[in-house]
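Chain IDs A, B, C and D follow the sequence of writing; residue 1 opens each chain.
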Amino acid sequence: MVAERDYTDREMMAIAAARQIRNGEIVFCGTGISMLAAMAAKKISAPESTIFFETGAIDSRLDEVPLAVADSRVMYHTALNGGLADAFATMQNRFTGEQVVGILGAAQIDPFGNLNSTVIGDYARPKIRFSGSGGACDVASFVNRTIIFMQHEKRKFVNQLDYFTSPGWIDGPGGRRRLGLPGGGPAAVITNLGIMGFGETDRRMYLMAFYPGVSPEEIQQNTGFALDLSRARPCPPPTPEELETLRRHCDPQRLILG
Amino acid sequence: MVAERDYTDREMMAIAAARQIRNGEIVFCGTGISMLAAMAAKKISAPESTIFFETGAIDSRLDEVPLAVADSRVMYHTALNGGLADAFATMQNRFTGEQVVGILGAAQIDPFGNLNSTVIGDYARPKIRFSGSGGACDVASFVNRTIIFMQHEKRKFVNQLDYFTSPGWIDGPGGRRRLGLPGGGPAAVITNLGIMGFGETDRRMYLMAFYPGVSPEEIQQNTGFALDLSRARPCPPPTPEELETLRRHCDPQRLILG
Amino acid sequence: MMEKLGPDNLATLKEAVAMLVADGCSLSIGGFTINRNPMAAVHEIIRQKRRGLHLYAHSNGQGVDELVGAGCVDRIEIAYAGSGRFAPTCVRFRRAVEQGRLQVEDYSNYQMTLRFMAGAMGLPFLPTRSGLGTDILTKWGFPAALRRQDETLPDAKVITLDNPFGTWGGAAKLVLVPAINPDVTIIHVQEADRFGNARIQGLTFADIEQARAARRLLITCERLVDDEYLRHRPEHNQVSFLHTDAVVQVPWGAYPTACFNSYDYDPEYLNDYRRAAGDDSTYEKYLKEKILAVRDHFEFLAARKKKSLARLRADPATGYATGLDRR
Amino acid sequence: MMEKLGPDNLATLKEAVAMLVADGCSLSIGGFTINRNPMAAVHEIIRQKRRGLHLYAHSNGQGVDELVGAGCVDRIEIAYAGSGRFAPTCVRFRRAVEQGRLQVEDYSNYQMTLRFMAGAMGLPFLPTRSGLGTDILTKWGFPAALRRQDETLPDAKVITLDNPFGTWGGAAKLVLVPAINPDVTIIHVQEADRFGNARIQGLTFADIEQARAARRLLITCERLVDDEYLRHRPEHNQVSFLHTDAVVQVPWGAYPTACFNSYDYDPEYLNDYRRAAGDDSTYEKYLKEKILAVRDHFEFLAARKKKSLARLRADPATGYATGLDRR
């Protein structure tokens, strides 16, 4: 029951994420759609945000979309080219770390926004092996706020992760502090169906917004645990300006948009 | 009873130290006479040695003698200009550290070559305050071999240091290992009267060599603890070539030589 | 400063690899995903049929996948096996793990970086706040019993420590990650001299830490330059001769990965690789024809179309191949 | 990236110091002995009569001695107070300690560097093998009781830890040194832009760690350059705008200490200073006439003979004043 649309899921996701980025934030980007979101935000609503990569690049000028966080395109015209040690120290640092918003993806997510990007099945003999943490565990451990990209499928939104790679809100309020983790946890999960938030009081995932043509119930059906749907609102579709920026100025070759 | 000489104490000391430096070693230099020793060694007997400073300079080209380890003269034409973190890591490093010989000075030394460069008197209310450790404690902790410059006076060669700044052989064989310290301890103490070594079996200071015109007994009289004099030999005076190199090519302005 | 170099040609790379990389040794390679992997050296290791390597990697991407794919690696400690959009998970790595042919120990990128940094600093460990509460701390790929037996492994994957300074620094707990001192590190850089001083342009990734942590260091470089040139601006050099054992000039030595200011990654090669890697028989063919059948990196490059290399040349203004078709 | 700068003149330095350096705050300054100390800022702090500062230093030499001499500093944590041949022990520092007017905590240079590095890395401590068995570990300048009361101090000067990884890394014991996060760090660099990106030429000492550890960072620079220029070779920059709060262009801002590629230290000034510092009355005169009586760094420089500055200019070939009479 999807209405006819003049934009793709990926475009909606990139724009939904871009809208979450606040002006002045330091945006940690991974590979793929998170990079487009950061590029779009900088061009639309958060011009004073800083795009920042775990590979050590600070404030990259992304004339072309990078296809990896180590792409030479992230090295061009930065404020500083360092290395991994610099980048992660900036996130673990008490003064700069709290200005960072991290954008992450994963294979599985649980109701508290904890992530798995390592294996499906038993760790010792996995059914499916993924890339592993990369910097995701580090970013999720250090920074004050994360935004997570997911494909919305029941087997990916699970009560129990097969492997716990990156910390979210752990088991609810105070969970991070109890473990000795700094900063805050995930602020939003952006999927191909809608946007999930985390309750202030219970730190559990709830449905914050659903995309045009998607119903809250459909989202619940694609989620492996119960979502509070009571606070859900419709998410406005991409504006023509947003789409124009994304398509013409972020990924004209559609390398990420597909 | 000093014979007439055509060289000064400082010149003798610089040359005695230069002779201790082995070809291929990485020579950690402090300020002053140790720098002249390293410069002279490189020009005379250890051309493949590397002059190295705690400030982060590797293989400085010392066209002029630096007056501090942060002198811009140490930055010129090096293999690498880094910082303190790099320099000390190179010494603590398991592979490079053992190639380093450190040249140190101090206000007091004990029979096992432990050094004080911090205070005379009570630490909380010192009679005399000196500069403090600087990198001396670090170098003495990390590297495999140190050479120490001292003025030979009874109050400086003491049984008990007023403050223990930099580790030598601690309390004898196995002392360093017991404390968890890597590397070896001091190899030689070079003074205005002669050269002291440390026994292989007891790690205590003994008289290795006395300068022309100085007797072993005179050295004992200027030492606050008993020195084994039985192995002492005369130290050859500086050769004309050594003096020429030191005077003309290391410190023509006599900034350190005085 | 002594020369660390034989004749500056590919025969040297053969010799350097033969001399430094032994069966069963531990190895780390520089670069990150699809950038500045020391591919000429990686392919030479494959051609020399090294076996039983213990690989230490953070996100070293293409180089790691080819070493794993060619059967050189028994054990790997790694943060991320992927090549960006070209292979979100490295294909041969994935297959080897799923088939149980590769022992894996997982860390995060920062943890791996700190492990190299600890090795470079001569320390047994460094602390971080990363990973508290996660399975990275509790699920061990190398079991405790194996760790106790094998002295090339630390007894613990990580150790958690209560902050001994109480609340100082705002951290209640720390994760201590054990140092790595690889038997050999190989990095590819833009410029080096024959004594072993090197300069990296663009991001350094964890190359500096990897280089300084190693017992032996092999540097391949795009351009062998005069040491006077590197000494003119020594603050731009990152590795000194103190750490280096061998230097070999290998133009296009990171190909098919990128080398900032020199050339871009080759999208066509990387896409072809992903496709070939997806199936055992096509992968065997790739390995045999593309890597094993050629004598050296020069022949490997010669097999590529002239034009396909030419369009990868970096635009001097941006450091990459501006406008390159990357689909 | 937002501008971190008012008008690029000395009025800004006055304002920046007034805004960032409060009575009783903790401060660290860059440079080492007689090189790249942020002297213009140090003198401005003295003119603004800041009191009760807690100074964190490694071997910062001349700047430290002038701050101590002017009575700005109550507490100091330091590795080395000396200015090379010009003052093997800093004279006013020595006097203040011997007279019990300055609370001192001693560390080594590497320990202080690691403390700044820990602060920059967001860690409560870093380990080292330096100092085991020495009085640096056991004799505390700030007593345990004071440390427990005062939350600006860690509860312990250092903590010794048995290697939790056993014999891994070859170290049986480690010294943990507590992090430093100064309220303010001030560094002087050759080049910076108005956004707070900076480039240091020559040795960086511990400036990078000090800058990144600080809550607030003030950069003074020889030359305010365009950000396009710094972004053309961003691997040569060491501090980014993320860490910087204010930038002020102050030519000769490190004088009378040296600034590589710009000017040398002034032997005459430093010798005069040592002599003046040796006696309370001559030092008072120095302080009053040379520092307090002038309005800013421009007037301070104008009081020097033109010729005496001119001969300090760095030789472009060496970075220092080749052949300078340094007796």
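Basically, contacts are C-beta pairs under 8 Å (C-beta built on N, C-alpha and C of every residue); 3 or more make two chains touch, one makes a residue touch a chain.
What you see is a predicted model; the values in this text were computed from it and never measured.
Shared contact partners of subunit A and subunit C, listed by label, are D. Among the pairs B-D and A-D, the greater number of C-beta contacts is found at B-D. Here the CA centre of subunit A is 57 Å from the CA centre of subunit B.
Subunit B and subunit D have Cα centroids lying 27 Å from one another. Taking the mean of the C-alpha atoms as each chain's centre, subunit C and subunit D sit 38 Å apart.
Work out the mean CA point of subunit A and of subunit D, and you get 40 Å between them.
Residue numbers of subunit B whose C-beta contacts span two or more other chains: 75, 77, 81-82, 92, 94, 142, 182. Of all residues in subunit C, those that touch two or more other chains are 122-123, 128-129, 163, 170-171, 174, 181, 202-204, 235. Taken chain by chain, the contacts fit none of the simple shapes, being neither an open path, a ring, a star, nor a full set of pairwise contacts. Taken pair by pair, the chains that touch are A-C, A-D, B-C, B-D, C-D.
Considering their complex, residues 24, 26, 48, 50, 58-59, 61, 75, 77-82, 89-97, 99, 142, 182 of subunit B touch subunit C. Every residue of subunit D that touches subunit A in the complex is listed here, in rising order: 1-2, 120-123, 181, 195, 197, 212, 214-215, 227, 230-232, 234-235, 237-243.
Residues 118-119, 122-129, 154-156, 159, 161, 163-166, 168-171, 174, 176, 178-179, 181, 200-204, 235-236 of subunit D touch subunit C in their complex.
Subunit D meets subunit B in the complex at residues 31-36, 58-59, 61, 78-86, 88-90, 93-94, 97-98, 100, 106-111, 113-114, 117, 128-136, 139, 141, 163, 170-174, 202-209, 258, 260, 264-265, 267, 314, 318-320, 322-323, 325-327. Residues 31-32, 54-57, 63-64, 66-77, 81-85, 88, 92, 94, 118, 123-138, 141-142, 163-167, 170, 175, 177, 179-182, 253, 255-256 of subunit B are the ones touching subunit D in the complex.
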